[in-house]
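In this document, chain identifiers A, B, C and D correspond to the written order of the chains, with residue numbering beginning at 1 in each.
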Amino acid sequence: MTTALMLLPLAAGLAAFLIRSDAARRSLLLWTARGHFLLAVLVIGAYFPGGSLIAAVVSPVPEPSSPWFAYDPLGLLFLGIASLLFLGAAQYAVTYLAAEKRDPGEDADGGFIFNNAPEAVFTGCLLLFLSAMTAVTASRHMGLLWALIEATTLLSAPLIYFHRHKRSLEATWKYLLICSVGIALALMGNLFLGAAGLKSGVGLDLAPLLSGAGALDKPLLKAAFLFLFVGYGTKMGLSPFHTWLPDAYSESPAVVSALLSGVLSTAALLGILRVNAVCASAGLADFTGGLLVLFGLLSVITAALFMLGQRDYKRMLAYSSIEHMGIIAMGAGLGGGAVFGALLAALSHSLVKAGLFFTSGLILAAEKTRRISDVKGLWRRAPRTAVLWLAGFFLITGTPPSGVFLGKLIILREALALKQYWLAGAFLLFLGLLFGGMARVFISMTFGERVPKPGERPFEERAGLLAPAAAFLVLVVLAGLYLPAWLQSLLAGAAANIGGKL
Amino acid sequence: MEIVKPLLQFLAAALLAPLLPGVINRVKAFFAGRKGRPLLQLYYDLAKLLRKTPVYSRTTTWVFRAGPLLGAAALVTALALLPFAGRPSFLSFDGDFIFLLYLLGLARFATVLAALDTGSAFEGMGASREMQFAVFAEPAFFMGLASLARVTGQTSLAGMFGALTGGTWSTAAPVLALLTASFFLVLLAENSRVPADDPDTHLELTMIHEVMVLDHSGPDLAYILYGAALKLWLFAALIGSTVLPRHSGSWAGDSALFLLMMFGLAAAVGVVESVIARLRLTKVPYMLITAFAFSALALIFQMGR
Amino acid sequence: MHTLAELIIVFVILLNLALSVTGGLAACIRLVAVQGVVAGILPLLAGDGAPHARTVIFAAAIMLLKGAVFPWLLLRARDRSGAGKDVEPLISYPASVMLCLGAFIASSWLGSRLPLPDTGVAWIVPASLATIFTGFLLITTRSKAITQVLGYLVIENGIYIFGLALFVEQPLMVELAILLDVFVAVFVMGIAIFHISREFDHIDTAELSELSDWRRGEYGK
Amino acid sequence: MLLVLLSLALLLAGSALALLLARNPGRAQDAGAYYAVAASLAGLVPAVRVLLTGETETLALPWSVPLGSLSFNLDPLAAFFLVPVFLLTGLAAVYGADYLKGYAGKKPLGLAWAAFNVLTAAMVLVLTAANAVLFMVGWELMAAASFLLVLFEHEREQSRRAAFLYISAGGVGALLLLAAFALLGRSSASLDFALFSAPAGAAASAVFLLGLFGFGLKAGFVPLHVWLPEAHPAAPSQVSAVMSGVMIKTGIYGLIRLLGFLPVWEEWWGWTLLAAGAASCLIGALFSLAQHELKRVLAYSSIENIGIIVMALGLGVVASINGSPVMAGLAFAGALLHVLNHSLFKGLLFMGAGAVLHGAGTAELEALGGLGKRMPRTAAFFLAGAASACALPPFNGFAGEFLIYLGAFKALGQPGPAGLAGVIAGLSLAAAGALAAAAFSRAAGTAFLGEPRTEMAARAHEAGPLMLFSMGALALLCLLSGLAGPFLLLPVGTASAAAFGLPPALAAAASAAQPLAGVAAGFLVLLAMIAFGAVKRKVFLRGKTPAQGLTWDCGYAAPTARMQYGASSFAQPLTDFFQPVLRKIGQYPVITEYFPARASFSREAQAVFYNSVYRPVAVRIRDLAYRFSWIQHGRLQLYILYIVVTLILLLLWKL
């Protein structure tokens, strides 16, 4: 089943390049996403033999795990995130592509005319990206994991450059180069990791690495971690390696931004968590944890600095992503119970941020601008979008009931339990600044009296664009009201994979 | 008899209060070398006013009519709390002086609203000034009561004045002296006497209390005049009880001495009015701040002992 | 054979120096190609005894890719984009050389600090680290997009050499995947350069700095 | 407890229905209002029962949320806060049914009602939750719902600014509370209140400070009050009533609960509370005097009253540490009693202000005047509320302050710091009381008395019957609860015992019963005197027809309404005196000619704390953030340099 999970989008992606008919390609995208989601549900369900309804329906025969690809709870969690997000993204993309066909063209802020990339390339890359992402979550070899993460980078570059104009090109270029350089450093890290295991002959397979971590050469392992951390941290968007992120998130189409922030960053996060687990088993938890906490906090601070006075609402969302990556890194670094919180925060952040990016796409379509100061009274022009936008604000800032809130609470509690008072204080301070910075933006955009632009037609809020965003936001609220036992045990299992506990 | 005594005291105060302005006027007349109004002039005035038909402005509402009534009722109630010659009145409980303070507040509030109800520029001015001075007078008054409570360790009027004995004057003379001074200053300001105000002035622009009641007439004005007399009595009684803490044991003796003291105080007010010029309006707060300083000093002295 | 390998290492270092002073774009591309080929030879020499067939095939693939395919791609991109002849450094050439030398010294020091297993080939670790830093030097101090791709390739070369130095045997699948990634990366970058040249007048990255949050002059008032 | 859940369910159902019926404003109104009233009635029963019996009702259900559990706890303290919540929201719903009618078609009434019911439900949740996660859910729902209501007139720039301040304060406060709860429950299995470990020493002080600021941002005492005078007036009036009357009290409730979590108090906590309370009752009253809009006057008065409550809490803490349970008990009881009383009269006053807004179209004091003629009932109710707010007998405002005063005076007999605390508290109360009297006589006088200053005021109309009903009911409650002081001692006592333990509650009950009875007797005497005076007046006036005329204006022949004393001129002597604090801006007339034809005078109140503390800090922080904005410079080379430099530094540092 694991293989099918990867091959389905791979085959569909390759086919997408060849299909001529737009309609056929779109339904291919939609149905592949649905199929992938179904498979993912089955795979995750199979992990809970007897514990869940799905497992009762499907035969809970465990697959023979290949040395390359196999699932542990951590992988399953990230698979679930990726598949669910892609399901929503596919729905959104199909509607978006159909609508984009009708009115292509004018850049929102520059005013110049541009062409979009061929739809076949876009759809194909989307599907291949899903395939690579699925492989990342299943990968059991550090070298292979590296190669697959680099593949996700390369496959997403054409997605960012969907609107073919100067600024998106600039964003793509920065993304491509910075991430490639980062990933190259991660390769160095893998080499160090290999070197650390040379004496004991562990190799780069995850299982022996974890079980034989004690025999690894400590200084080399440290070096490996540093390189891998900087490398994957670049991809994940931790400060100060985050510089490409606001550009790429803001210039790509909403659906791509959602995937970048919700899926791609978690791929890099997975890389860091994997190597962190190895280091933790080798007794370097303090060393790696300290770094994760340090850079996590730095990311939160950076995000707060750029949130104040931010002028572009998609960039604002991008900085908020940096903030959350920081929070997740902090949680992972603190260890213990905080890991659970970090994973919950990662899950919730992916969903909320995807919902927000979807909504930002609607706003862009309605207002034709990304400047915060040019959007006023969204309530009037697109009421449903406005509701989602405001709901997204409350959720992303950690207002209960939501998964984001629970994640933050658990992390904060662990920080205090570990007597990291200064850390907790700084964390709170900058969260407060972020809250204020974001509140200003959301209020000024959503409310107020709007002056209609000349020759403006009423805005049609397409259900296909609203529904995925609404569904994601609702899911996060539900997670705050009722976190099902199976999800809790999945999260706990995933946390146990990387040395955490509840 | 013991049940009747407080009622007798109350009735005495209620009946004798209008005599105090008369005393003041006579003292002033004496200093001015005039014969002066009759001692009972206020009684005559009240009787005359109660018989008169009032005139109401078309601007006013029930608030204007209720003002004098509420003011007088509040002051009569306050009188019911007031010890007479250091003996409790029929309404006496822990913290009764707080109630007294707020009854005075109610009277002021009612008068001010009635004044504002006329829509007159002058009455508004008076109301504004009245409220301004209250803001300075109340803390001063409060501080005075606080130091009194501290000196005596009691928290009711009757308790405080009952606990004041000649011995207290010998041990806490500076405190009590400061208190008396402070209370006297508050008395002058609250009862619109010189140097805070001039009850006999005829220039509306400079008036405070009198200007608020310009529009009242008939029984309403009678209520107001009576209320003012009660207020004067009230403050004078507070000072009198502080200065004169002698309890001979004889109710009649104490009461007579107390009444003498009251008229003495009225005479003192008259003397002050005769020898001191009126302060500029903007300086009145300073006078009240001085009163506050006196009572604060008293409290500090007492707490430091 | 180690002597030969050491000679090659010296050659790689010299190539780094050459890269830091070369002003011509085409020359730079060729220098990087040469470095790639030279690095590709290394695994054939580094081991003891005759190399495996697998090693040979892999080395051949790398030499083909780095020696022929990449230069061809990049030169084509340069011609298509009409990107002048110069690399247009942001700092002077002498400064570049000094930095390059500095990088080498730092690398030696760093190499001595890292408790790496002895490889038998002298200077291989410092050389590889120095190559990586040279790559960074090219990326950060040259203004054209194409030189940044070159810098990326130099970093890649350095990492490749470093990997050899550690004798980290990767499974073939992983090595191929890595190679494929590098290839696709360069390919995608080439396409991007082509698009850049079409959208912008120059492929000078100064133009590629429109996306910014810098609020120059809006503070301290 | 089940009835509380029922009332929660009714509220949520009401809000869902209001949303569903949003297309038909009339029916949405009905749904929202009916369900809110039903929920209030259902909720009042258990709240009153718990207060009378003193028995705690609890309910605990498992909740599949990490650290969470569905634990509810209806103890006398919660019940004591619940009573005004249910009373006021029920009456506000009745009032709103009339008040919002005019907005049908112009505003999304369905949403407004949904938010109102959610706000009520959230308050109930906050007051009954016994688990921090559940508490925070209620807390934030409360903030979010009221945030939407503050934005009711979101077209106005002022409303949006208010909403921004409000939600920022709420967000920051929630973060601090989160930290406080996390600190309390850092080693427990879940964040149930019952499982909290009792921290000691520095940790306890940290919890106290976090709670002080977290809850303080909701309660709105100085200096955490800046959002309050902006946000409360912006909401529809019945919501202002609820926000000012009961919502900010949840902050007080939280503070009291927090003190309950901390077994050992430090003396400086008490002094901090005392200082914050004293500052806010003085500053609130003073600023209330300087405002030009009726609802802002009331909002600042809320700051004053919250200050009184907090000050009493501080007095109680200082006293109980210094071993004077009587004084502590009186202060705590006074604080609780004032919580109840303030919610009644502030609700009434905001509804009155709403009626003014509704009838005259504006609540700007300088545009009003003479409304007493056109809306006599509203005027009467408002005056009753104003008298309560000034703690004037015989209304209820007096009772709570009386207990606090009594506590303060009892302290005077004590040696050491308790005495000082008593002096500070009593003095602040006296000064604030005088200022409040000035503020309310000014507000009521300018709005309702005299001649109308504008055409709008002259054409004002009386409020609708439901609005009058709500106001009348509250006015009656203000009077009755004033007279019923001794009877309120029992619920106050049980609540106080639940919050602060038995000894102070008993001591207070013992020492307050007699004085409160005296006060009640005094009230009766006062009422009797008033009745007597009124009857006598009738007798004197029998057979006489009072003449009607112009107001005597000292001989001036043509008085106009413009000659009246206005709100600015009324306050001017005091505001000038306190100018260093108030910092009003405006101009005085400069007269240069002998016969000046015109002169103008204007004074405008400023949000001094916001302008001179918060704004400069915010600007400084933003400036700092901009200084770092070069990081996102736009140049790729620089970006890669960050990576390299960081990597090298890490290698140097860590290897």
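Definition applied: a residue touches a chain if its C-beta (ideal position, glycine included) is under 8 Å from a C-beta of that chain, and two chains touch if they have at least 3 such contacts.
As the structure is a prediction and not an experimental result, all values here were calculated from the model.
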Per mean C-alpha coordinates, the chain lying farthest from subunit A is B
Reported most central chain by Cα centroids is D
Dist(centroid_CA(subunit C), centroid_CA(subunit D)) in Å evaluates to 68
Taking each chain's mean CA coordinate, subunit A and subunit D are separated, in whole Å, by 43
For the pair subunit B and subunit C, the C-alpha centroid-to-centroid distance in angstrom is 97
Per the C-alpha means, the centres of subunit A and subunit C lie apart by a whole-Å value of 31
Residues of subunit D that touch two or more other chains sit at 624, 626, 629, 632, 636, 638, 640, 651, 655
In subunit C, the residues touching two or more other chains are 114, 136, 139, 148, 208-211, 213, 215
So the complete set of touching chain pairs is A-C, A-D, B-D, C-D
The answer for subunit D against subunit C in the complex is residues 623-624, 626-627, 629-630, 632-638, 640-641, 644, 651, 655
So, in the complex, the side of subunit A touching subunit C is made of residues 68, 141, 143-144, 146-148, 150-151, 154, 157-158, 161, 164-167, 169-174, 176-177, 180-181, 184, 187-188, 191-192, 194-195, 198-199, 204, 217, 219-220, 223, 246-247, 250-251, 306, 309-310, 315
Listed in rising order, subunit D residues that touch subunit A in their complex are 63-67, 133, 136-137, 139-140, 143-144, 151, 154-155, 157, 159-160, 163-164, 167-168, 171-172, 174-176, 178-179, 182-183, 185-187, 206, 618, 621-622, 624-626, 628-629, 631-632, 636, 638-640, 642-643, 646-647, 650-651, 654-655
As the complex stands, subunit C meets subunit D at residues 90, 110, 113-114, 133, 136, 139-143, 148, 205-206, 208-216, 218-221
Per the touch rule above, subunit B residues touching subunit D in the complex are 50-51, 53-63, 69-70, 72-74, 76-77, 80-81, 91-96, 98-99, 101-103, 105-106, 108-109, 112-113, 116-125, 127-129, 131-132, 134-135, 137-139, 141-143, 146, 149-150, 153, 155, 204, 214-215, 218-220, 223, 285, 299, 303
